Amino acid sequence: MSLVLRRVLGALPVLLIVSLITFGMMRLIPGDPSSIIGGISATPEQLQQIRNDLGLDEPFTVQLLRWYGGLLHGNLGRSILMGQDVVAVTLQRLPVTLALSAYALVITLVLGLASGILAALRQNTWVDQAAMMVAMLGISLPNFFLGLLMIIFFAVKLGWLPTGGYIAFTDDPIGWLRTSTMPAISLALLQVGLLARITRSTMLEVLRQDYIRTARAKGLPHRLVVMKHALSNALIPITTVVGIIVSLLVSGSVVTETLFSIPGMGQLLTQAVLNRDYPMVQGGLFLVTAFLVLINIGVDVCYSLLDPRVRHE
Amino acid sequence: MARVRLTLIGLAAAFVGSTGLASAAAFKCPQVGGEFVFGQEANVNSLDQPASNTISTRNIAMNIFETLMTRDENNNPITDLAESYAESPDRLTYTFKLRQGVKFHNGKPMTSADVLASFDRYNKVGLERGMFKNVASWDAPDGSSFVIHMKQPQPTFIEQISSFSVPIVIVPAEFKDDPAMQLHVVGTGPWQLVEFTPGSQVKLKRYDGYAPNTKYEERTGFGGYKQACFDTVVFRIVTEPGARVAGLKTGELQGVEDLPTKSLEELKKDKNVTLVPLPNWWIQIALPSISAPPTDNLLVRKAIQAALDMDEIMDAATDGNYKLNVGFQYPNQPSYTDAGKETYNIKDPAKAKAYLAQAGYKGEPIVLLTNKDYTSMYNAALVMAEQLKAIGMKAELKVVDWPTSVNIMTKNEPGWNFFFTGYGTQPALGALATMQFFTPPNANYKPAEGKDDPDLIKAWDDMNNLPDPKDRQAAFVRMQTLILDKVYAIPFGSLTKVQGVRANVQGYKSFRIPRMSNVWFAK
Amino acid sequence: MSSAIDGGAAQLELDAEIPDTHVHPAWATLKRLFAHRLFLSGLGLFGIILLAAALAPWIAPVDPTRLAMRFKFRPPGAEFAFGTDNFGRSLWSRVIWGAQLSVIIGLSVVALNAVFGTLIGALAGYFKPLDNALMRVNDALMAFPAILLAIGITAVLGPSTLDAILALAIVYIPRTARIVRSSVIVLREMEYVQAAVAAGAGHWRILRRHILPNAMAPLIVQLSFLFAYAVLSEATLSFLGLGAVPPTPTWGNIMAEGRQYMIEAPWIITIPGIALMITVMGLNLLGDGLRDVLDPRLRIQQ
């Protein structure tokens, strides 16, 4: 499909710039991995030795070209912090973040759409006010604050859920549910509010349309009218928002994973930046960004499939 | 006839007893079996010990690998894989006789060829290969001997090759060319690697072909007579302190590396948990820069030294888990000296202010460079700043993260007067390792290029080169006194780490690494 | 984290129709604003915080960084309105001074966005040749997960208040630029603009007199959401240990330090969290109100 091809090609310069920025950024950050490898008791001589071993004092362009060369071979280097290939680590960690994001996405879609539609249908009643109040709360409450409150209440006081850690779904589905629920809720919070508000306003716009009034005048059952006409039209703009939501989830996972000690991509990248794990940050950020770009292309494709106006561009 | 037989039996028994082969006194596991899960606080990124100086690597790798020589419970050098060693009278040749019957985890018997290859690799990637600066060459004249030839005498050589900070572990010769951080994890220790999941855990299992060191009857330090009583050991990485406490309480973790002070009160009351304090984990310390005003002025430094209340600082830094400690060694170590104790914990603001007046202090800022990654360093700096403000000094904090602060300090970028850190491994290794921090190049107190304190250098040379150990110790006493008198460092005190195990875990004694040998589950 | 901004942008793209070309007379607009329910409630909530921030030196005279170990972990009560933390520091002082810092940071990020976001967006929207290049770099910056970019920038620049401001501004200018660009692109094709071009008016004059004033409305709405976002993100950054240098208190780093004591001293986390919530909610309500009044096309049905 030419649309997909065009989007992918358009994404390439973006990825190039992204990789340049990441590389430059890491080199500009003061300090380097030698102090992490060397540990707290390392002498200055040991630190210098480590720097030499890792080639950290070589000129910027040399290191950059070496990295690009590796990239073309599919070799993104070796994480200093994790002691494994960057690609291998990413493949281990990314599914964790994705599973958590998927859980949060489900919560977002269900709660967000439901409350948005309900609020639109019951416009200006207490249902509407309540839903919008909760939505407002959702976008105003810092997600780490909600996370902390949930930990204090559900984990420490009530003991229903663990305070942190992660059990893979493949190991134990129930365990995964238990360790992922609080993080997913705190991740979803922001998005639920956002989706609810946008769904509501979109639905209201659509409901205003003449043809809805006509359909109602014809005497078709209310629910049928809503479902068939309003929803399908509202889906188009909502799809756009979903793309934004996914990248927000990945971004939000950074704090959530740190708070709940979940070994995902967000926590890994944060630790990598703070520990100056150059290969991990460069490779990991590049992979995550490429992934998000792909998601956005996917959203664009869905959008074009749904909206005939765009398809014939 | 019977008498002769009895005598023969008696002789045989005496013979057997003297080699310790069937010694009844050697340690035997009272119970065998089970899986011991240990909660470790820091991530481990590699088990290639020569290429790493991190505690997390050492914790695990020293249960897997062994060395020619190591340290006993009181830090004295002892033989481990070496049966014995001999130092030539001119101190230019060291001959090591290897123990017999030692096998690697892959079944291969250890020979001097493996020792040679291990030393060769260490010389290429080992972080402390600087200790070989006086080595001319080494060779393996036969399968069970390893000889090192020196260019000139290095009286501290044995102390250095028995060091445990970055030990010279013995691995099979075929791994000689493994790049740094990628060593094949095959050793001679009582535990062998089952699987290493970076970021998550490391699983070890008992090595059935292990040959314990029969010169000893018990575990001592990093060596001695070691026995693996558990079937498997899992080092699980649990970075959250709260999760470690929770794991220990529920029994999900049977041992934990570090417990936050907040939890100790309630854990003491828990009958299923035994607390194992590890005193003298590290010396909390602040290092001045004598090339940055106003700490370039000795009187200003003496003022600061006089103002500090070490109890208050250490209490905040360690939440109460500390011991006041004079100098750079601990009381249980043979090289301990309290020389310079009159400079420690003076807490006399009047005296401090007098020094300041004498120095002509005009309110120049004193910048304390610390970091948020190590709470003890941050808290110590916070309290020290308050104490300095109380005597009228303009103390400021510069808080960055650990790698940045190390960078600033090593490159001696401007803008700081005190660097906060902890001396962990070095004091445990001994006076020599610790005093090295104060020698050129890159001495900790940041003297100008080539302007190191000559008295300090003289004392350091004596510590290294005087043939009589008593004279070397006297040189250390001189060096410590000098450092404390001239305020080239401000040691605050020693921090106690508290570990914990489940009550049914026996034989676990706290040490610089969690030793998995000679530990068992009581029935 | 950037929900409000991205949500607003989505909203704008949904309604990419002809914006209202009338510029409301200022006083009429103000009258309508102050009659608007959402705007008023937002102003009330945010006003409390603003007032606290402004009056900090008088209502919180105790130095927020002053240690007093013997007073540690006092719960909120008569002696200490908000209690004390693990160093015996007054939480009341720390939260109030943290408010001042949050407001300053929010204002600075908004100001930087207003200036540079508009500049870049207008240039991209108006001058076609610049558009492609600018938008490529823009997309690249936007492709980064926002917080990772912020973490990276603060790590490069070093932790400090100024650097947190710069980092947050850099992360969000691309989004602001996009919004302005969308408006400018549509406005550029308007008949009266075409007429001005035909009449020979210079580019800058057109931008200044015809295009930018009409692009202002959506921008102002977005800037108020941006303020909320900036406060929230700064709290997240300082919670992660970046941003303003301790012991300077920010709501984020108070919560980060209080995290280890959350069982025995929950007030250390709860109080700054509530303050944060009030601020952000107030700003969001303000934004809603502004949107309803300033740009009817974006109005949520009343």
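Labels for the chains are A, B and C, by order of writing; each one numbers its residues from 1.
Simple rule for what comes next: a contact is a pair of C-beta atoms (placed from the backbone, for glycine too) under 8 Å apart; a residue touches a chain by one contact, two chains touch by 3 or more.
None of the values given here were measured: they were computed from a predicted structure.
Of all the chains, the one whose CA centre sits at the greatest distance from that of chain C is B. Distances from each chain's CA mean to the overall CA mean are smallest for chain A. Chain A and chain B have Cα centroids lying 42 Å from one another.
In whole angstrom, the spacing between the mean C-alpha positions of chain B and chain C is 49. Computed centre separation for the pair chain A/chain C is 21 angstrom, with centres defined by C-alpha atoms.
Looking at chain C, residues 155, 158, 241 sit in touch with two or more other chains. Residues of chain A in contact with two or more other chains: 29-30, 274.
For chain B, the set of residues that touch two or more other chains comprises 242, 400-401, 404.
Across the complex, chain A is touched by residues 43-46, 51-55, 125, 127-130, 165, 180-181, 198-200, 238-240, 242-243, 246, 373-374, 400-408, 410, 421-426, 436-437, 441-442 of chain B. Those residues of chain C that touch chain B in the complex are listed here as 66-67, 69, 87, 155, 158-159, 241, 245-247, 260-261, 264.
Chain C contributes residues 1-4, 6-7, 10-11, 13-14, 136-137, 139-141, 143-148, 151-153, 155-156, 158, 228, 232, 235-236, 239-241, 255, 259, 262-263, 266, 269-270, 273, 276-277, 280-281, 284-285, 300-301 to its touches with chain A in the complex.
Looking at the complex, you find that chain A touches chain B at residues 29-33, 35-47, 49-50, 53, 78-84, 89, 92-93, 162-165, 261, 263, 268, 274-276. Listing the residues of chain A that touch chain C in their complex gives 13-15, 17-18, 21-22, 25-26, 28-30, 123, 136-137, 139-145, 148-149, 151-152, 156, 190-191, 193-194, 197-198, 200-202, 204-205, 208, 237, 240-241, 244, 247-248, 250-252, 254-255, 258, 266, 269-270, 273-274, 281, 285, 288-289, 292-293.
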